[in-house]
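What follows is a set of structures for review.
Next come two complexes built around subunit A: one with subunit B, the other with subunit C.
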Partner chain A sequence: MTDQTPHIGPVRRLLVRLGDIDRRWIYLSMALAVAIPMLTGLSFPETPGKMSSATFDAIESVPAGAKVLFSFDYDPASEGELQPMANAFVHHCAARGHKMAFMALWPLGKQMAEATIDSILLANHPQYRYGEDYVQLGYMPGFETVIKGLTTNFASQYPLDVRGTPIGNIPLMSDVKTLQDFDLIVTVSAGYAGAKEWVQYAKSTYPDAYVLAAGSTGVQANQLFPYYPTQMEGLLAAVKGAAEYETLVAAAYPPPAHPERLEEGRRRMGPQFVAHLLMIGLIVLGNASMFAARGMKGGRR
Partner chain B sequence: MFKRGIPIAILSLTGTLLVAAHFSPMTQSWGEVVLNWFSVVAAITAILGAGNLLLVNLEKISSRRPGWAYSAITIAAFAAMLVFGFLKIGAVPNPQNPTVYFAGDYETRESAYGWMYEYVMSPLTATMFALLAFYVASAAFRAFRAKNIEANILLVTAFIILLARTYAAELLTGWVPKDSAFFFVRLDAMSTGVIEHVATAGMRAITIGIALGALATSLRFMLGIDKSYLPRS
Partner chain C sequence: MSNPTTPSGGAKGPSPVAMIALLLFLLAAVADQTLFSEPYFARKYVDLKSNERIQARHTGADGESRTAWLEPTDQKIVSGEWKPVEGVDPVKWTTRPAVTEKEYEAVQAELAANPGTAPTRTLEASPIDTLGVWVAAFLTLAIFSFLWRDNPVYKVAESLLVGVSAGYWMVNGFWTALVPKLIAPLAPGFTQSNLLPDLQASSTPGLDFALALVPLTLGFLLLWRLAPRGGWISVWPLAFIIGTTAGLKVISSVEADLLPQSLEAMKPLVVFSPQADDAAKLGFDFWMSLSSLVGVVGVLSVLVYFFFSVEHKGAVGKTARVGIWFLMITFGSAFGLTVMGRITLLSQRFEFLFTDWLRIG
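Coming up: the complex of A and B.
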């Protein structure tokens, strides 16, 4: 190409050549952009935004010791983005003395909840007793029909907990007849079935029965913005939302043990910062190369 | 007549019941029955799905089609998880019934099923998702080009959001006071503006459009006007 265009300057020639860069160099630069900040522990202070503050306030608005239903609607693919939110939600609720029931609309959500209970709830709040302060209900297939069923008859969807105990015999659940007996619903969601279905089948039907807060992935957040703040009092979007919410929770309720487990969102902001700058750099470079090649014989248009 | 009439009748009945159950407390229990039917049908379709997975992959292996080795791995993994799950290999005894083997929990890390989840499935799915970062970077470099006005608007929006979702927003425009007349040049303010006034408005329109479309399609199904879900013969 360069032999056919002898009158172009060295910078333009370089830009044109960079347009044909092997994609493996891009992969390598992305790997370094993520790995170096992770290894060096690069992190930044977070200033909580409007949505994160609203989410914090929504959970604060529920009286201490209230009943909370957690729905873990994600799997390991979204763990990197959503687990920091789940950690912060559970710690916040435990610090407020809420009673928690854990369920999942995703097959692997049960394992996500199990990990959160072990690493956050029991590690930081050892006073929590199974059956009295928290209960694990596990995964229930059926997507939105499970939510719909919970609003009319809770036991029809969850007759037993994961240990095989009838929920009527569990002190925490003995007076729960329907979903409306909970004060707060928290869903950490990666897609269908998740936050959107909780709005459509639970919150829309009983708008005053409970407060609904959600944590979602960045790609799903756009679908949820229309529901905030009327049908969804709190919404955390992507790692940024998790980091901001973590900042608020850690400041109000410093974790008594393992504080590093409540810094996962903020730790991820360092790699995200460098990776986003790299993305912008690549887009600018790609466009510069396109403009440099314009008008050249065989150049890209 | 029966082949098409009965499915349409079932669909119309269940649809009408669910709509009625939403509005009338009297029919709420009927709606619960219909939801239970859904659970039963969903369980049966899971069996059909597993059978279909076996058929498709076994056919691929027997005919030695390209990529048949992947099918063999799929079937081996499927069979292993099935055996680990059904036989509860290494299950932790249930404290309430410690002597009953099949009362044990097979999903803990100590069991074979839980071990496979923890050390095989979980890292694999996380890895697959993490690979997106590399493909997105490569795609952005090659395809995100300012070729027309629409692409330029998209580019500017992408830059605002990419910068605003990191500390770069604070570094670049954090010095502009939040109560000043130039507050709008702050990247976080621009990002909030894009989300609240553009993305939300657009998404709201799409959501309402989808809802109306779903309503119209459901009515067509329930009234037997649209029969496209039935076999032609």
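Coming up: the complex of A and C.
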């Protein structure tokens, strides 16, 4: 159709043809844009932004040895974005000597917490003892009603830990009556129920009882920006937030073992950069193609 | 070329193509693991860890007796503070946490350097974990194959995902909701004997039983919609669910969103901040003032855009137009963040394929 149009230059012809390109070429170029930087190890230095620094400061603001509640509100579908944050959060808290309780509002959050405990907490901080320094509470169904219940009676939601021990018999939890007995809440969240619900049902009800920090997927981050910094002291948005926070944590507390596990976010920023350049190029090209075809016989309007 | 999103419409039942592809994949895995001493593809290693717990009892100062499962080397048992419960067998099991190839090689090198010494850790290759990597790689490639076009291999992976998810949610719902929250209060003895040995005896069993009758009844009423007659009865539990949810949401929306966000929007338009050279002195902060101005203009113009009782003409129309610009910028930001998330997903799968499976990362 376009070949029959007279009096058009070669550049315009090329642009018009590009508008009809098979989408599989775009998929292939995106795959290459992600794979090549990954295989060549392309990476860039991260300069921590305001929100990542605030998140780091939020963890630092509670005294060493404070009680921290971790809520793993995600599953493997969001592991790429959120696991780097979870790793950095847990290492940061352990380096500060905080006592940690792990729970989950998502069914597979328990397994994500288990993996983080094994690969980060115990690998880098072998002195941590179960029951005294950390405890795994597991998944509890009920979404926001669980959070609401924790603010009134912790044991009503979690009478036992995952090993079947009543929480009253666990040294770390023996003086925890309500959520307000924790100093810091960290939620790593992929959606409902997650960071938004922690703001709505925990932080808003008891704003001065604890510090709230969240790690969020990019998709959900826009919903959470209004809460920062008044209702949420720290917020990490997408893998960029994870990479910046990793930089801060690794600089302040270099991990004694497996440093590569605290580089996942930064490692993923190289492919991210090239893929974004490709996206921008494709958007520009798509628009140029549309304008080139405008007014031509059979062209797009 | 055919449109890749067009369903093939041909996949009914197990496809021979998909089965052959899976079989070839598994054969390649077996060949790689058995024919070569140093496999070209993935090989997973695990750390065999023996665990033991004994039930111990402790009587506190208040006279209350407590039991717990503790390690035999636990300081509480060694010190004699907690006594093992007689007649209860210890529980023993082996865990197999994954270790990296580097860790495995380091332990092997240590053993080779010090022959005759007992290994500090028992690390071994795990065929089942290795098979798991191959299956994961196959399923990842099967899902990616949809980008070429719809095909039976993709259909198999998709059906597997749907089936496994449905089964997982069903089992998960049974063990995390139905058993502890409904069956346990209704029949604690039965639950402890057959389903949850760790179930703690309630101090108020009668009250728990009576309270559990409420969700039991509502649950039955909800299922009534499947009955040939009287389906309207299911509206009652639905009304309960809607009422409870509305109550929860109304309070949280006012407390966490409406009031705090309204307060946040009421910012001074001219901001004075401590000076960099003298913190005691306040000076005009241009960027903070601009930020406040943009925030206020954005909130007001977007509110005007969503105010449909007045026709969007004249000043109202122009303000609404500004609101549309703010909305567009917000959508653009959301799209950018979504793109970032999706690219991260892709890079994570590539990392898995290159590092865990192909071992070239």
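One rule holds in what follows: the second predicted complex is superposed on the first by the 300 of 301 C-alpha atoms of A that agree within 3 Å, B and C clash if a C-alpha of one lies under 4 Å from a C-alpha of the other, contacts with A are read in each partner's own complex, and residues count from 1 in each chain.
By definition in this document, a residue touches a chain if its C-beta (ideal position, glycine included) is under 8 Å from a C-beta of that chain, and two chains touch if they have at least 3 such contacts.
Computed from a predicted model, the values in this text were never measured in an experiment.
Once the two complexes are laid over each other on the shared chain, residue contacts for A:Gly295 go to neither subunit B nor subunit C. When the two complexes are overlaid on their common chain A, residue A:Pro126 makes contact with neither subunit B nor subunit C. In the superposition on chain A, A:Gly65 makes contact with neither subunit B nor subunit C. When the two complexes are overlaid on their common chain A, residue A:Pro254 makes contact with neither subunit B nor subunit C. Contacts of A:Pro107 after superposition on the shared chain: subunit C is touched, whereas subunit B is not.
Once chain A of one complex is fitted onto chain A of the other, the partner contacts of A:Pro141 extend to both subunit B and subunit C.
Looking at the shared chain after the overlay, A:Met279 reaches both subunit B and subunit C. Of the two partner chains placed by superposition, only subunit B is touched by A:Asn153; subunit C is not.
The interface of subunit A with subunit B overlaps its interface with subunit C at residues 23, 27, 30-31, 34, 77, 79-80, 141, 145, 148, 163-165, 205, 218, 222, 226, 238, 240, 272, 275-276, 279. Across the complex, subunit A is touched by residues 22, 28-29, 31-32, 35-36, 38-39, 42-43, 46, 94-97, 103, 105, 107, 117-118, 121-123, 125-126, 128-130, 133-134, 136-138, 140-142, 144-146, 155, 158-159, 162-163, 165-168, 170, 188, 192, 195-196, 199-200, 203-204, 207 of subunit B. Chain contact summary for the complex, subunit C toward subunit A: residues 1, 4, 66, 68-69, 97, 147-148, 168-169, 172-173, 176-177, 197-198, 200, 248, 252-253, 255-257, 260-261, 264, 330, 333-334, 337-341, 343-351, 354, 360-361.
Interface of subunit A with subunit B (complex): residues 21, 23, 26-27, 29-31, 34, 44-45, 47, 49-50, 75-80, 108, 110-111, 114, 141-142, 145, 148-149, 152-153, 156, 162-165, 205, 218, 222-223, 225-226, 238, 240, 269, 272-273, 275-280, 282-283, 285-287, 290. Taken together, the subunit A residues at the contact with subunit C in this complex read 22-24, 27, 30-31, 34-35, 38-39, 77, 79-81, 107, 118, 139-141, 144-145, 148, 159-160, 163-166, 168-169, 199-201, 203-205, 217-219, 221-222, 226, 230-231, 237-240, 267-268, 271-272, 275-276, 279.
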